[in-house]
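Residue numbering begins at 1 within each chain, and the chains themselves are lettered A, B, C and D in the order written.
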Amino acid sequence: MTLLEVDDLRISFGDKQAVDGLSFTLEAGGSLGIVGESGSGKSTAALALLGLSGGSVSGKIRFDGTDLVTGAPWKDIRGARIAMVFQEPLTALNPFQTVGDQIAEVYRLHTGATRRAARERAVEVLGQVHIADPERRARAYPHQFSGGMRQRALIAMAIANRPKLIVADEPTTALDVTVQAQILDLLDEVRATTGAALLLISHDLGVVAGSTESVIVMRDGRAVESGSTESVLLSPRHEYTRALLDAVPKPGNRDFEPGPPLLRVRDVHKHFPQRRRGSFRKPPPVRAVDGVTLDVHAGETLGIVGESGTGKTTLARMMVGLIPPSSGSITFDGVDIARRRGRSVQMVFQDPLSSLNPRRTIGESIADPLRLSGVRDPRTRVEDLLERVGLSRSEYDRYPHQLSGGMRQRVGIARAVAPSPRLIVCDEPVSSLDVTTQAQVLALLEELRAELGLSLVFVSHDLAVLRRIADRVAVLKDGVIVEVGPTSEVYDQPQHPYTKELLAAVPVTDPAEARRLRALRSTVGR
Amino acid sequence: MGAVIATGMVLVAVTAPLLAALAGQDYTTYHDTLLDSARGGVPIGAFGGVSGEHWLGVEPGTGRDLFARVVYGARVSLGVAVGATILEVLLGVGVGIAAGLGGRWADAGLSRVIDLVLSIPSLVLAISLLAIVPQDWPRPLILAVVIALLGWGGTARISRGETLSLRTRDYVAAAQVAGAPWWRVARREILPGLTAPILTYAALLLPTNMVAEAGLSFLGVGVRPPTPSWGQMLSTATTWFRADPAYVIIPGLLLFLTLLSFVLVANGLRRVLDPRQREILR
Amino acid sequence: MIGHLTRRIVGGAIVLLVLSALIYTLFYLAPSDPAILACGKGCTPERLADVRAAMGLADPVWTQYWHFLQGIFTGRDYSLGPTVRHCPAPCLGYSFETSQPVTTLLMDRLPVSFSLAFGAEILSLLLGIGAGLLSGTRRFRWFDRLVNGLVLAGYATPVFLVGLLLLLLFCVHLQWLPFPQYVPFTTDPLLWAQNLLLPWIALAVIQTAAYARLTRAGLQESLAEDHIRTARAYGIPERRILWRKALRGALLPLVTLTAVDLAGIITSAVLTETMFGLPGVGQLLVGAVNQIDLPVVVGVTLLTGLIMVLANTAADLLYAAVDPRVQLR
Amino acid sequence: QGGGGGDTTTSNAAFDPATCQGGTLTVLNQGGITHLDPARLYTSGGGNLPSLLFRTLTTRNRQPGDAGTKPAPDLATDLGTPSDGAKTWTYHLRDGIQFEDGTPITAADVKYGIERSFAPELPGGAPYLRDWLAGAADYQGPYKQPDGITSIETPDDKTIVFKLSKPEGDFPFLATATQFAPVPKAKDNGVDYEKHPISSGPYQVESYEPKKSLVLVRNTHWSTKIDELRYACPDRIEVTSGLDSAVINQRIVTGAGQDANAVTTDAVVGPEQLAQLGTGSELDKRVTRGEFPSTTYLAFNTKKAPFDNPKVREALSYAINRTSVVNALGGSAVVGPSTTFLPPQKALGYQQYDWFPAGDTGAPDKAKQVLAEAGLSNLSIELAHENDDSEGIGPKVASAIQEAFKQAGVTVKLNAIDTGTYRDITGKPATQPGLSLATWGADWPSGGPFLIPIFDGRQIITAGGNFNLAQYNDPEVNAEIDAINALTDPAAAAARWGALDAKLGKLALVLPLTHEKDVYLYGKNVKNAYADGWRGQLDVGRVSVK
């Protein structure tokens, strides 16, 4: 039985045609993936199913016998029959309400259940999405949840009313591989147990590969290819689909000759004291980094990998002297990093938007470190750099919000490179980029490294990316390095069980392989 | 629109002598013949004695030309208010950023200083301060300084709060990694983020300061007669509320227009300064 | 939390100490002499010296200040002529101008000022938030403009003008309300409110502007947040979204402002108090300044300082309570 | 002119004091009574509100116009018997007088009340006794010197004798001061006495909050049999203070509710009401006009250049524009121009003169001519004034004068002095500016207190508190003052004071500007409202609301 039928859907924002004649159908209990690069109209189409796209919509959307374009009983549909899992788990929850209350509120609204029953249901669904100790966690605020937990809470909210259709818009973009795998498994499980249909949106082919039966590839608001997941991913017909598949990082092969150690990290700890809240007993500190020792050699790229919250960012920030370690020492060229002055170490930040001052032109932002190192009129140098990272010279006078995510990321890199440093620490520089942009950025970094003789520390949760770029990889878990070695060794003969688990969680674009890995995870994983 | 009015006001203030000369009047000459002494000294004639000679009529009680007083009054009022506002913003933003960027102790200390400034009954202190100041120091300047000294608490509070939130942004960290000293971070990275809320706040501070000048002048510690100021006119206006409404309406209207124009200018400025064109506070 | 509170209390105490020292210094720097004022016309130097001694002004300043500090913790004794009166522990001094201990004077006036401040604050919050809501949801552009204009006009009008207008309109022309006269809340709550209505409005007219603007801005920001979209997608009614979700975030900045304003009204409502004949702390303060009645000035200042410190601390705590993300620093 | 008081009979024709009792009178005032202690009140003629509580040896005669400028016996049986060339004054108390608790009032109570006013704990009362009573300069009040002052004798319960250090014919006037009210020693608790002062008048205190409110109710131990001067019509009097004068007048005009029974004793009408007056409106019937003997003037310090030069003083006297000054002070309804130092009241001995005719708006040309003759063109002087207008010698008047002198080519720099310290600075010859604004009001309607402090050379007090701002000391004038002081016939004294004023006026020692006129509104229901001739205020002791 056809649950959802979209026919010739067109959505425009003024002149901008975001969705341009999209058609597809979805069976009850079935699953459909939509892939495509950033800005191709995926989210807009998904929002239109809930009447929230905000643009002018034409065409036909039939859901369960109701036409959703010409106005619908939204009260009965939103949240009750169609539930949406949003792209940004960090902001999609109300910061002022406990997670449990938010789920209960939605449940109560649609079922008229008592307060008590609604609370119980909230706890129940939180348990279903594998939140440990749901009774207690239901009373937590969103900021007390990790990213993965928040995403799971959103899924819990979505399944609370047993909807017929779940729309998941990039539910895993910002998450590390293990959590990502968990969430994908979870969606699969929900579909199996509740009989809901799933519409999964992602720019990551690996994500849809294992979770959907059929797939549409979108570009510029149009479906360029559609069909069963297998046929589309294994034998793509459209060249754009092929391009997408090609952009998935492949293992790099570079000969690694270690230079002398440049940055030495010696038994570094970082403990964050926790504040009392309510109780009088002081809680133990968070051991974000708990005894790390490593060297970064001149000219090498060191990858640091680990799941969310293991202390990668903390370690990276300590490496550039932004936060002082609780104990241990970090020296750069024999000098304590805290006393280092000048430009020899730079950092590329995890979030490209927040690391650029929204009120200054990107040219100014890049020029700043140059000025600090005494360059009088840095404009031409900055423009050269912009060109170097693949932006046009005229971009100098533009503001961060006028650029796309990929462009911003490149600005961050240009800023780090500008004062000719000897070491750049990159904190997840490509995590929020789609595969095509990701490939460009990685290529650029490699080029720069070769040209300038840089050392790189590359923090990521994406093993595929690291495999392509890193000479050595360190695996971080709970603030401790569990395994470190040359990339190929770590990937091919992982020693530590955690490393193995990480590798098993990597999404692959081969649907059959993806299903095999999932089966493996469900037996071995937990 | 706002800019037009604001520039107009400033122009009036600057060219006051010229304008008064144009009207053929000065702001000191008494015109007793134009007043009805038996009825408390209200101007004779309609709407406060408006005539070809006295474009806005004359001041009740003295018969001085109201047009000349209004244009000269703009000087003092705008001068003191703008001066005080600028000083307040400088002081408040400086202390606010220092508290926000500094360590825990610097923050605690400076925050208490801000509390202190906010707790002082400004009227009392202004009166005592102004009583001590020697007579022959330039009065408007002193007024601006005293008003500012007692009024920078709010700006500092806002700046501190904003700084605390801005300093967690990665672009501040980026500047620190690049080796920028703290004052450079403050100037280049924090300050631009403060402009929007501070501008909004400053636009509202301006009339507050104008009224403060009025109050102080009314209490006899402000500008010296016969120098006129709008605030002074408004302060005495209650007495004439029904007897000579024109005397209330003219400075009242001017004050309102000025406020409006400065709010509009602040909005415009903010839009120009905020590259995202985003409206945080309109 | 406990540590934070302790720090705030110590900090607050220091603020108050500095505040009182500051006022003392200024009054002694000022050329005015309260003894001359009290002594009156035809005061000979001998008589002046006697009066000065009787007023306790003959000691050096620092001795006086020290006695004052002592009085706060241990109380003090005052000679009334034939008898001696004890002023018990938090003794803020004795006003020779009014022949009363400062604490008594303050206790007398505080109910009026508090009534005025709280009422005006509640009214302006209601009006401000209401106006902010109506213009912030941007349903009607013209309405937005109108509210903005009105609110600014209110802000630009000096309070004595507003007060006079209100009196003329409601008490003289329409005669809907009696001329305000303070009736204690405990005597008759209805009369209390009726009499304070006009002063509340007069004060609210000014403050509404700031609140309306803040609400409007906060609302626009908060309505654009992602979690609002989530709520919409889950079918939560628009009204509930506005009241339960958007408003909460939008009103946070108001907490701080309200605290400062509330404390500010206590002393800054002099003009309103005079206009409406309400014997509040503001009038007391201005009278004391004119009479150079130092104990009262210091007393009022300390009181408002204390209220300011408490209000700020309360605001910070409230902020932390309302917004679970906030950590007390 | 001559003699204050205007229309008083129109609305009061059918008034009968015997049937006026009842109702509540509301008094709406700007300033409150700061101290309700008879020792600390600086009031003469018994004061207005104070005289409802405190009876004094003598009191004002409670009549409008000239008749009201005379003292009348109150607690005493007559105005006092002078002896020893007016250096000894003897009073006898009348029969049946009681305090509010029923205890009889004795001469000792009166003496004790006076002694209290010498205590430094209770400052603020009229200073004359400290100067007049023999041996009073060293007396520090009953708390420090319980033995009492020797120059007041009470040979029996009904007799009180005052021994003065010099002849004072005006003693019956001074005996109206509130410090002459009796205080029972047993009830005296010093500074706290004012919380509930023991009444000897028709009312007693029900509640009193300084500067806020005062509620008076009947004193049952008082009756019209022992007091013919006060009518005490209302049963209850409620005084509210701390109000804005515009609000007070507006409330009285509107007269809503209890405000129909309202009067004010200190809020003179403003332009709002003046604009409605004299138009035959209903308001015209609800106004009293009185005159308080006072003069606002420019004081020359003749010890300082250029004011030591009489030509300069004369020139400025020609240059003055009194119309501007009148307007600055509220218009011709509430102030009148003065060319004489004595205000225009017969009781003071007023004689018309205008030695330096400046016309209404000044004679700048004449002034310039006088200056030129003296070789003083481009004169530049400084004018001291108070920094607010609360006492009528503030910036408003100062700038009017500045402008007037400018017409005569004299540049005036204004020197605003904090009102609180103004008298302190001008009253000390060492710090006194060359030219300052000043006002002088009579403590009682007689030429003596008006002229002596200003022109008696022996009254120049170098240590401070000086009022002889001209620092003028002429033995001949001093002798004339002594001669008039010894007169006990007020009419004869008045004529000599007037002549002395005219003589002094020729010297241009002061530049008189204006005298005060008082216009008060009263409520719709208020009857028998008139301003008494002594102080120009509405007499609350006689108004009725019934």
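Everything that follows uses one rule, which is that a residue touches a chain if its C-beta (ideal position, glycine included) is under 8 Å from a C-beta of that chain, and two chains touch if they have at least 3 such contacts.
Here is each chain with its UniProt name: A = ABC transporter ATP-binding protein; B = Peptide ABC transporter permease; C = ABC transporter permease.
Bear in mind that the values here come from a model prediction, so they are computed numbers and not experimental data.
Overall, the chain located most centrally, as judged by its C-alpha mean against the mean of all protein C-alpha atoms, is C. Farthest from chain C, judged by the mean position of CA atoms in each chain, is A. Two chain pairs, B-D and C-D, are compared here, and C-D has more C-beta pairs in contact (counted per touch definition above).
Spacing of chain B relative to chain D, judged by their CA centroids, is 43 angstrom. As a whole-number value, the distance joining the C-alpha centres of chain C and chain D reads 39 Å. For the pair chain A and chain D, the distance between mean C-alpha positions equals 88 Å.
Distance from the chain A centre to the chain B centre is 50 Å, each centre being the mean of its Cα atoms. Those residues of chain B in touch with two or more other chains are numbered 131, 238, 241-242. Touching two or more other chains at once are residues 246, 418-419 of chain D.
Residue positions of chain A touching 2 or more other chains: there are none.
Interface residues of chain B facing chain C in the complex, by the touch rule stated above, are 104, 107-108, 111-112, 115-116, 118-125, 127-129, 131-132, 154, 157, 161, 164, 200, 204, 207, 211, 214, 234-235, 237-238, 241-242, 248, 252, 255-256, 259-260, 263, 279-282. The touching residues of chain C, counted against chain A in their complex, run 1-2, 225-227, 229-237, 245, 248-249, 322-325, 327-328.
Note for the complex: chain B touches chain D at residues 28-30, 32, 35-42, 60-63, 131, 135, 219-221, 224-226, 238-244.
Residues 246, 270-272, 274-275, 277-278, 321, 323-324, 326-328, 330-334, 361, 386-389, 394-396, 398-400, 402-404, 406, 414-416, 418-419 of chain D are the ones touching chain B in the complex. The touching residues of chain C, counted against chain D in their complex, run 30-33, 36-48, 50-51, 53-54, 79-83, 85, 96-100, 108, 164, 167-168, 171-172, 175, 178-179, 181, 273-277, 279, 283, 287, 290, 292.
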